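Everything below concerns the one structure shown next.
Think of it as A, B, C and D in the order they're written, each chain with its own count starting at 1.
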Amino acid sequence: MSTDTAARPVRRFESLLRARELGIAIVIVLVVAITAVRNSNFLDAQSVQQLLSGAALIALLSVGETMVIITRNVDLSVGSTVGLSAYVFGDLFKYQHISVVAGFAVGIVLGAVVGAVNGLVTTVLRVPSLVVTLAMLYVIRGVDGMIVNGHTIDPTAIPHAFTEVGYRTLFGVPWLAIIVIVVVAVAGYAMRSFRASRDLYAIGSNPEAAALAGIPAGRRVFTAFVISGTLAGLAGALFLALHAQVDNSGGIGYELAVVAAVVVGGVAIFGGSGTVVGAALGALLLNTINQALVASKVSSFWNMAVAGGLLLAAIAFDRWLSLRVARGLKSARGVHRDV
Amino acid sequence: MHRVAGIAIAAVLASVSIVACSSSTGGGAGNTGAATAGGIKKGLTVYFIPKDTQNPYEVLADQGGQKALAEVGGKVVVSSGTQDTAAAQIPSIQAAIQAHAAAIAIAGNDPSALCPSLNQASRAGIKIVSFDSDINCGSSPDHLFINQADTRQIGTSEVDLLAKQINSTGQIAILSAAASATNQNAWIGYMKQQLAKYPNMKLVTTVYGNDDPATSLTVLQGLLSAYPDLKGIISPTTVGISTAAQYFDTHKDIAAKIVLTGLGLPSQMKSYVLDGTVKSFELWNPSNLGYLAGYAAASLASGSASLQTGASFKAGSLGSYQVAAASGTTGPSVVLGPPTVFDASNISQFNF
Amino acid sequence: MTTPSDTNARLVLTNATKSFVTVRALADGSITLYPGEAHALLGENGAGKSTLVKILAGVYRPDGGELRIDDTPVEFNGPAAARAAGVSIIYQEPTLFPDLTVAENIFTGRQRLGTFRRIDRRAMNLDANEIFARLGVRLDPEQPARGLSVADQQIVEIAKALSFNSQVLVMDEPTAALTTVEVERLFEVMRTLRSHGTAVLFISHRLDEVFASCQRVTVMRDGRFVRTEPIEKVTVDDVIHSMVGRDLATLFPKTATVAGEPVLEVENLCTAGVFDNISLTVRRGEIVALAGLVGAGRSEVARAIFGIDRRDSGSVRVNGRTLPNGDPLAAMAAGVALVPEDRRQQGLVMAMGVDQNVALASIRRLARFGLVRRASERRLASNWSARLRIKSGRVRDAVATLSGGNQQKVVLAKWLARDPSLLIIDEPTRGIDVGTKAEVHRILDGLVGDGLAILMISSELPEVLGMADRVLVLREGRLTGSFSRADADETTIMRAATGQHAGAVA
Amino acid sequence: MTSDMATRARHSPGDEGTDTAGRRARWRSAARWEVGLVVVLIGVLVFGAGESSTFVDPTTFFYLGINIGYIAIMALPMTLIVMTGEIDLSVASMLGLSGSVLGVLWHHGWSFVPAVVVALLVGALGGALNGILVAKAGLPSIAVTIGTLTLFRGLAEILLGSLTVPAAGDRQFPAALTNIGVAPIPGTQLSYTTVIFLVLAVVCGVVLHATPLGRAMHAVGLQPEAAQFSGIRVRRIKFWLYVVSGVVCAFAGMLLTLQNSSVSYSAGTGLELNVVAIVLFGGVSIFGGRGTVVGVVLSVAIFGALQMALTQLNVQPEIQNIITGALLLISVVVPNGGEAIGRLRERIKRK
């Protein structure tokens, strides 16, 4: 009976899904291993810390981006938001001498506001989020530039205690990485364990059904955007901690890097499936590749090309996977229609 | 705004302090007396076209230019894009042409891509001055390059500076800006020549941080794990050196092994020099660079200066400068002066 | 339309009306459901059944009429409200979230919570298992809904309804896509529910099922209530009669024709997991009906013939010429036309005008020097609008503004404009009011009269019986029956379709 | 609750009446959009003429062409691709890659024509790669083209690295051709890129609005499945559109190289978003099926004129960013605003 016949392939399908994070992890290990062969000290504590802290910001952003993309939307404004949050934070440091905590608060609130605008326009006016957030990318970058106005926040303005967030390690793990790991862990757990977060999957998975199930899609999508913005604000603050300097160019081009990481991390660009952990691992993988190339003495001219190739490979692999599974289901299930 | 005011004051102080040190380092010929706008027409408009409107280094230069033109009763229009691309500078050149500007002072984002537009400008009778990053247009348009310091000298002095600190032995690497950055590539060229003098110093690689802190950090970290025996790093770009310095500052063990030097803004580097992360680095005073460019532009536009080798013109408080002969790809140029070497002893005097 | 003895009624809908921009979908929807009773709602497509269902579901808000539950008037402002009031719907096309697990689908928005309002998956899965136990089915609560068979999906939907412990369960053609065994299991479940006092509204085209498992029947026609009777008071025939409202002859104007030489010859058509070893022939001047359950693979066969999907093996010949695999253009060139099952998704470009839709398939013919001439497009469209009596404002109006019947006519026009030699028509009258229905049938009859060959896929037995010269029955991808017009009847066809005499079930 | 239907309305063609009405509203607003653009354009021109002393100057038109011509050319294939419901974010990288190919070959002493031919071939290949992944493999175009955006730029960097061609000692590009960067077409103030753009725009417009192929593109964008059932070769159309996009962007790369009489790998970095912005502001629906070439041409003119005016007035470039973003928002908000209000009323009514 179909219950049994369907069950088996579905199991395989599920296990494959689960394996996704594992798969990326394996690839990361492979890259590290291969590099380590060519260059022994790619494995020492220092390098590992560098891998983590280097990936931290994109990984952090990928968490929010994942939530948005799971609902069949996208947030292209994160890069600009990082820049804005980072500069405003630094500016307040330098000229208003506010406390670190207050600075974080400001940065985060800024991000949340941007996210709220994205969310409102998208859900209330029913405007494609791609366009909305693309527009916001320009607007925020412009506003940022007007605030920056040719200035720069330089290390002298930033208290040491704060910048060390980027480097101080706890049990050999950089604080920056710890913060991100905590966020990813919490978000990852939340995305599994709360009604609202399961709604996000439902909305992206089958909008019509979500409507029939009475899920408040508007409110949920709005929340996703706010979270994405908030994390971008936080990332901005951490950007300042990591680099101890920022001008108007902070976070330029991050949006595409984040989307790339999320896609490599196995989040379906059209929503419904994917995990924040996968996305974060995707970010880690991309950064690992970049550093591996330099570490194994490949000209840094190759970074982009390799990253692009990897991205395409990841997308193609996903497709191949789902096709195989679909075929598996069909033959096991006989003539029944797909969902 | 208080900030603008602050910067303006800073600029003035800076130029004053530089006057002192530039004469001491024997820069422009003598006469550091009060500026006289010798034979410069009043009411000239000079378009300053920096790499972008935001880069702090460029902003300082623009302010120097404004100061110069103010002294000679002219005015400066600063116009450029938000990103360091030729495409963003071309509209500004066009605006200068249409506004019948007297001269253009430009920091080229691309050695060649701007040439066609600049040619039009020069055909429209606009004098062309390039500063910070030269343009390389072959024969035309005629233009004067305001060299922050003799290109060869920057290359060689960087290497010497490093050699002194690592007693001329060991692996070294270069952390540059964008791979296509003209002036960095020129300097790196001379560094390589100079390295020939140090048989025991080996340049293992050059990495590019695209003047973006994040990228610079990534390539720096890769660099460190790729070459464990690295002894020194030269970063001939302000973003690169400050990113590296920040990293070293927080990784004392690395700072202990590796010597970092290059070109940086004292304001950004002060803390690192004072706490010993960085022994010494070089730069010139960007606002003086702009100031000199401003005078050069004004003088050319007034016919009180020419591109003839040896022709000289007065540059206000900086004294008078002589046009150096074209050499290699560089056309006629004047040199601001040898770069200032900043270290714990003097860095506190500078606030740009 | 409620009888006075209705104080013990669970749900009473009276004189509900609903109309859309162009269509009056429901003129008088009335029904009364009693606890522990299975109530069949019968009517042809377009009779207003699904509109009525959607009103009960809270998806539509009725323009008029009254809805009472347990004798208190209610107004649903959304599906959630309906569910809260204890009304659960099981749609013909299950509405699940493929990416969520079975358990999550059952408890969407109501997952069992542990400490800190976290979802308690173990408890949730246990609940699910417990429900499945009550239903006497085996499903793994942890598996994702993607990949469940339609039957299992419906089980999940029912489990969902149970989890609401709904007082009213509406099932909109739940059996349409089920095999006999699965249907049996469904009726088991239905009995269980009734024994718990649930009122069940059961919509089906299969009268045998209705008479087997329902206690009361309500018939609708043209969006109006016709009659409600206890099941034992009515026979199949008078039910059909009141559904159709006129004798079949007028609705199915089939004039006898003599079949000519074969137009379509299909041999051993196979696509793994979809259909297997299909061979059939359609001749000039005959209508061959392809009957069977939804999901039996009928539409898939049509798609494979037309070339939308690639076939694994087998050959398709049209007028003697073999069609290349998976190439609709070639099929069209060979004279094949396909009026697809889903008008809104596949048949029409809803935002385009009548003219552009009619012209879409023959656009290249209309072009001169490679340029489309709007005028000739419009001429073509208005000609066919006249011939098929398409009721639309201007020919430029978007077809989305037309009624279902007229939309279907536009699709027909689009293909007839190419004057094909073979017309494959999938569910020719789904969701069309009876008036237009008869028209469509008249058109089809006229076409075969002019020597066209028609392969008609239909889930409506009256239509199959009324229009077809020959009936082929498909079950789970295999041909399980072939009957001449003479010896085809409801029972024989349903037997072949459900495999009651066709041995073991997959 | 109402907001739930949003996704529905967007993701499936309308069935209920309300939905249909909304669709018609959007339909009409699409028709009106070009009119709106004309008004905006006039506004920009009046503003420019009034505020900037140098705006009303023949050279302005030439410069405008120089600045936006090659971007506008990339916007044409983008328009067609967006019409079919896909997107191509790799356009600017392809411009850079083809330029770099030309550059590296020129640097190695190839003569001009064969180098250009190879560069255009690379464009076709790159487009084909996009086409295969999107049309044949059915991968989401936004993800695919973000990938090729990175890949193409990366390849360009590998090819040229720190080189700017012509490098020291290289031949200059043929003066007769690099002339397009400095001189308008004799007797006019039109830049060559402008004319090329206008010609391509006419071709593009005719194809899109007056040929069976164009009708097919509309259908594909509105309802791919219905298109397929009408014998339209959806995949094939998409595939070739990407190839065309690749070639046209490569061609734009040639033009930019000549215009600048030089090339480096970073040429055109980041322009993809400008191109998308132009197309969307031109009234082309991101969901496909709706939009006109006229609208895109107007959008190009508006962006170009605005940039000229603002630069002449020496307005902070940041403001230009903000304006770009604002225009983009307007372009989607205005058509949807009416509906949104309607929905709010509905909502209030329900409460």
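Assume contacts are C-beta pairs under 8 Å (C-beta built on N, C-alpha and C of every residue); 3 or more make two chains touch, one makes a residue touch a chain.
What you see is a predicted model, and the numbers here were worked out from it, not measured in a lab.
A.B. asks: Going by average Cα coordinates, which chain is farthest removed from chain B?
C.D. replies: Result for the farthest chain: C.
A.B. asks: Look at the interfaces A-D and A-B and say which one is made up of more C-beta pairs in contact.
C.D. replies: If we tally the contacting C-beta pairs, A-D comes out ahead.
A.B. asks: In whole angstrom, what separates the CA-based centres of chain A and chain D?
C.D. replies: Roughly 28 Å separates the two chain centres.
A.B. asks: Distance from the CA centroid of chain B to that of chain D, rounded to the nearest Å?
C.D. replies: 37
A.B. asks: CA centre of chain B versus CA centre of chain C: separation in Å?
C.D. replies: 76
A.B. asks: Quick check: what residues of chain C touch more than one other chain, meaning two or more?
C.D. replies: As it turns out, chain C has residues touching two or more other chains at 78, 80.
A.B. asks: Which residues does chain B have that touch at least 2 chains other than itself?
C.D. replies: 53, 82-83, 179, 208, in rising order.
A.B. asks: Can you pull out the residues of chain D that are in contact with at least two other chains?
C.D. replies: Where chain D meets two or more other chains at a single residue, that happens at 1, 12, 157, 161, 270, 316-318, 321.
A.B. asks: For this structure, enumerate the chain pairs that meet the touch criterion.
C.D. replies: A-B, A-C, A-D, B-D, C-D
A.B. asks: Can you tell me which positions in chain A touch chain B when the two form their complex?
C.D. replies: The contact residues of chain A facing chain B are 39, 41-42, 44, 46-47, 50, 54, 57, 95, 141, 145, 148-152, 154-156, 163-164, 166-168, 239, 242-250, 252, 287, 290-297, 300-301.
A.B. asks: State the interface residues of chain B toward chain A in the complex, per the touch definition above.
C.D. replies: Against chain A, the touching part of chain B is residues 2-3, 7, 53-56, 58-59, 82-83, 179, 205, 207-208, 211-214, 217-219, 221-226, 228, 242-243, 245-247, 249-251, 254, 265, 267-268, 270-272.
A.B. asks: Would you pull the chain D residues touching chain C in the complex into a rising list?
C.D. replies: Residues 1, 12-21, 23-24, 27, 206, 210-212, 214-216, 218-219, 222-223, 225-233, 289-290, 350.
A.B. asks: Can you check the complex and tell me which residues of chain C touch chain D?
C.D. replies: 20-23, 77-78, 80, 308, 328-329, 331-332, 338, 340, 344-352, 356, 359-361, 363-364, 367, 370-372, 398, 400-401, 414
A.B. asks: Enumerate the contact residues on chain A facing chain C in the complex.
C.D. replies: My answer: residues 1-4, 6-7, 9-11, 13-14, 17, 192-195, 198-199, 201-202, 204-206, 208-215, 272-273, 325, 327, 329-331, 333-337, 339.
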